[in-house]
């Protein structure tokens, strides 16, 4: 496995297809640096292509999940987009490209065929929220707290929260939390639907999420990746278009060894075993 | 009323315009058979055209609401789509048509102008969830339990759950329940917003839902069917387009005998009486 | 400030940029009259253009927030759309224009760049719900109650509830409440996500919402109005389109005096001060 | 083959898979009657399901292709929608359903998997234009003439012309021809892109179109029906969504006996032969 | 009729419902000034509400139709958006609002229910193209010439050409003309579909367009304005949504005095006469 | 400049910012090989990032522009997607990914900020049409001929033609050419709007297109790339959304050194000179 400055990839159990992608700058509370935006999509792409991987869990090293965008990267972007050129037009054009490339780094989570689960403890602030809203499922520990903090930096959040949060917690909640930037607990996140479950402690979280991930990893990888792809597509097309899409999808993928194995295992009341993808 | 192999239509009270459409293969836990997919849209269409009908309640005979798609229909589809032709292209084309025709059977609930309410007890699994997400309102009893089970059969759910569930419970919940296939109770379904209320027992459910249905049936059928139609359309157009649509709708339908009757009844503090539709 | 027949604009604190827009026909339970539909967009537009205003709170004078559309306006519309012309086509065309102009009055809330918060006590019925669903955030007191009442008047709600409510409370809840017209409490509204918080009394509500509004008013007006605009746009485009939009937005507005001020204040642990917009 | 009052189905050559669907009320200039709207979708559905059919040519018996909607059906619809009920709301609701059912009859052309080609001679007026714009390809003879005549009957065209014509001739041309209702020749229709070619006479048209249809009928039916389906879908989704759709489609259908046969025939410089669909 | 600085409204024939809206700054080649953007939507709105008006013809006084945006307005906007505030964020925000208000002035053509026809002679450059692409039909004289000139001013055209031209001349032509800014003649505009006909001279143009407009003015105003509205809506919804929309529209407006009058006139072979709208 | 197996990048004039990207497998009639799909997006990306480049011209070495997809790549894809795994589901999944990656190679033309012009001579068949429809402008020589040939290989075209051609030549033309696969000349391509101009010979084409490209290269690169970006976005959003998008875009980029330079040059009647981008 490659090595990264801002990330660590860990396979806790050599027999398992659950891999951990860990934000690994604990001294900076895992703030998202310019390096992160380069390394993160690379790491996800390599995990996606690795047939040993079925499910990816994203977590943070140290006391917090993620404190948001690194202020020094913000300064650097600001400096870069004005550096050397006093032209407001060109400076805007450069800044727009820079933002789009950072957005693409986060969107890499959706391009990864395999489920990506966020396991959140401690702070999940600003860019951290952008990151987890792009994940497929989110869990947190009781000590977790969240804030869509950008407005307090005089910034309109631009890495995905404003686009993805409404379909998770509803449009009205997205507005209230984005305008007030108020901090909310893991429990409130559960009520909102932002996380699917709150675990008592960081270690409960790690164990619990690993167990859930193993459960998904034991299922047909064709069905799991297909479900993710079809749900992502559903988000932006009409019901009629979505139904037609999944009918077309299944005309290609329904009849598979996995289906035979699943049916056979169910009849014989044994665990199914599926080939890698 | 016509007779069906997989369904029963019951009008419990001859003075009432509430009709019950009952999944009626209790010995098979109301599993959805190939017959069902033929009969169900026919039954709904006849109820829609019947002016005596105002509201339709779907429930299941026996111990469970619906155990999902009948495994024998799945086998038959699989066999049919490969039968006689070894051509992968033609087999896919046939399978796609088959899936689309089964989808159309479920979508018939939305084509029915009149409200369709699901009253769920016991198991509501796989295809059962596809069915109830197409209904207009859902209620359940305390013993009800749900599972988006398809992924455990190595299948991407293709009868509507992945398209309709996100607008009911949010995109994130839809993802978590679809990927984990985990079983959830009626109470959890209520918290999610999948059902609107949980009743203590199957008989409470029957009585309670009938009472709610009678309440809707006593309202203007023009307003009730119009509200359903406009909300369905809202789901897929922008707010601006939706507003224009309902303005056009009401330019045709606002001024009606029902409006006069409703206003007059309200002034005289009596119950309004509306003509059939 | 201009004076209105149906509204009052109040600035409770001359140092504050929080303005109150009060529905002011308490003798009619703030029913929405034809005058209201003329005055309301004018009032919002003047507040939007007034650089002294940062946040707008909408509330109702007297015992209730809003009892819905004024029955006399309904009659007047009905009369007007048939008056003098027996032609069903022309009558429909006139009615359509009338409805669209009333819709536009409500949509004025979204056209206002600045956040509009609804503070609801007592009844919020029919047209009142149309009004508050167009607001950016909603709070209520414990005595508040709601009903999407139109169907009981034999009307398909046409001022925005059917278009905006689904993205706030989910499509299924919108259907159930619209079809049953049932009354629900502030507490239920909170569970649904229709309001963000329930306050104990009308005066708690007033104080609490004012405090929240002051909190927003203390933030960068560029970031606050930008967040509203971007979230509104997100509601109707795909995630990819929304990301591209906000990247373009921020290429214009990210680098601002407000950003410098916010960063500098944060470093110096002092309150930031932003210029008006 | 079934027999119809308003249509005739002809297979001119027993070895050919090209079928002719002929508007067959020459005494009424093939005006579209209520019977037509019932029979037409039935006929298309039976041709679609008949594996002997590869391509369908629609033409008109007698001197003209189609003179538009039958005035007597219009009267009958008008009468029916007011008959027995003086209620403007119910009358509108009935009329809306009636129009939608006539629209569905025309849309049946798009639901038919197999290519449908219009061969137009003489008049193609009003409803005739609605019909041919739903076809996949259009050819005409030199004596053909067209008019989007509805506005001269004081009607907004409601059977598809206003929805489908813009994507064929551009939005501006659609507006000009619809507002002026002016008559235009086959030559002008060719320049507009409404027809793909103008033949010298009715018999040239018949021969020419049959030859073109035979050409399509000789190709892989999987590829032909797939191309129609994918292009229809492209019409309403973004390029990115359309690309993803066709990739999914081809993951199911690309690898087929037809592909092998086509490649092998090309190498051996012989005509390919494909199985029926 | 009100008087305008930049426009003149002329009714050439007191018996006619065709009105002329003339760009009237010939000394400035009818360049679009800041005054124009204020007066133009006002003029269109008053014509729309005036029941004596059926059709509006836009033309230019003097030698040219329109030379584009007035350079002095451009400077003024530039100055205004930087004036007094050195803040790049606020300057961008102000500029964005300014552009949107100018766009709204052009879009007023589409908000006008009645057909708006452009009669173009001489130059139609830059902003002139934005203006005419918003019109419903365009005609020109042989001396007319066009250029999407913005790119030569180092500007991305922002008043509508890039949004409306593709649906008129196709996406590829829009790209080529916008990137090259090359001048093209009336004849080329006709080939492209940008204009519907080229007249020999300015006076032929005036007579010809007036005659066409009178033709439209003699038709049912309900059908004419309905056709415009439905076609505009078709531009942005799917075929299925568009069909449903027009069915709803016609359920309100099909059955009208105009329909009776049109049918009766046709039977009696006399000219129909319709009430004003 | 990097070197490629299937491409050559040529800068004919060291003072020019027009670069030529040449399909360079003349011995294979520039058939699109698997190497091409890897190299092409890389080459475009490097040209996009190179500030010396303003405009890119794509042409073909040898006698033809492009004979379509290389049959050996097709076989290789076919083999690969079945190789080693007999599982139909996994084989489909692999094939889908392969197609999507080839599509992405073609879409790279749209992701390139700078205008990409196709200069077509000789054959432009199958995949060649997919390629040129993704370009911003197309020109050809008189000897050019085209065919949407896929259906003759029993394939549904899946590299973009079916998605992009309708917006260039209209939906109906796209259908006719795709279903018949018939060959058409450069002249016919011009009439259709597929190419913007036909040059007499290959060398006229080269000179002519270079001259046009130099014309674009002499304009403001901010305005040119902005126009491309905004038009691409217009293709998939409503007019209202597109207008809002370009207003936001120009709030960032309108006020630039290029605008000052363009205005100043125009006043002084000299050629403007713009900085690189």
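So that you can tell them apart, the chains are marked A, B, C, D, E and F in the order they are listed, and the count of residues begins at 1 in each.
Here is the rule we go by: contacts are C-beta pairs under 8 Å (C-beta built on N, C-alpha and C of every residue); 3 or more make two chains touch, one makes a residue touch a chain.
In UniProt terms, the chains line up like this: A, B, C, D, E, F = Delta(3,5)-Delta(2,4)-dienoyl-CoA isomerase, peroxisomal-like.
Keep in mind it's a predicted model, so treat the numbers as computed, not measured.
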Next item on the list: With over half of the numbers shared counting as same, classify the chain A/chain B interface as same or different.
Entry: different
Next item on the list: Identify, among C-E, A-F or A-B, the interface equivalent of D-F, where equivalent means over half of the contact pairs coincide by residue number.
Entry: A-B
Notebook entry, point to check: Roughly how far is chain C from chain D, going centre to centre by Cα mean, in whole Å?
Noted result: 48
Check: What is the distance in Å between the mean C-alpha positions of chain A and chain C?
Finding: 33
Next item on the list: Identify all positions of chain D at which a residue touches two or more other chains, and write them in rising order.
Entry: 88, 92-93, 96, 169-170, 222, 235-236, 238, 240, 244, 248-249, 251-256, 258-259
Check: How about chain A: which of its residues touch chain F in the complex?
Finding: 85-90, 92-93, 96, 222, 225, 252-259, 275, 277
Checklist line | Complex contact set, residues of chain F against chain E | finding: 115, 136-138, 167-170, 193-194, 196, 212, 215-216, 219-220, 222-224, 226-228, 230-231, 234-235, 238-240, 242-244, 246-256, 258-259, 261-263, 266, 272, 274
Check: Tell me, which parts of chain B touch chain A in their complex?
Finding: 71, 74, 78, 81-82, 91-93, 95-96, 99-100, 103, 107, 150-158, 160, 162-164, 166, 169-176, 178-181, 235-236
Notebook entry, point to check: chain F touches which residues of chain C in the complex?
Noted result: 233, 236-237, 241, 244-245, 248-249, 251-253
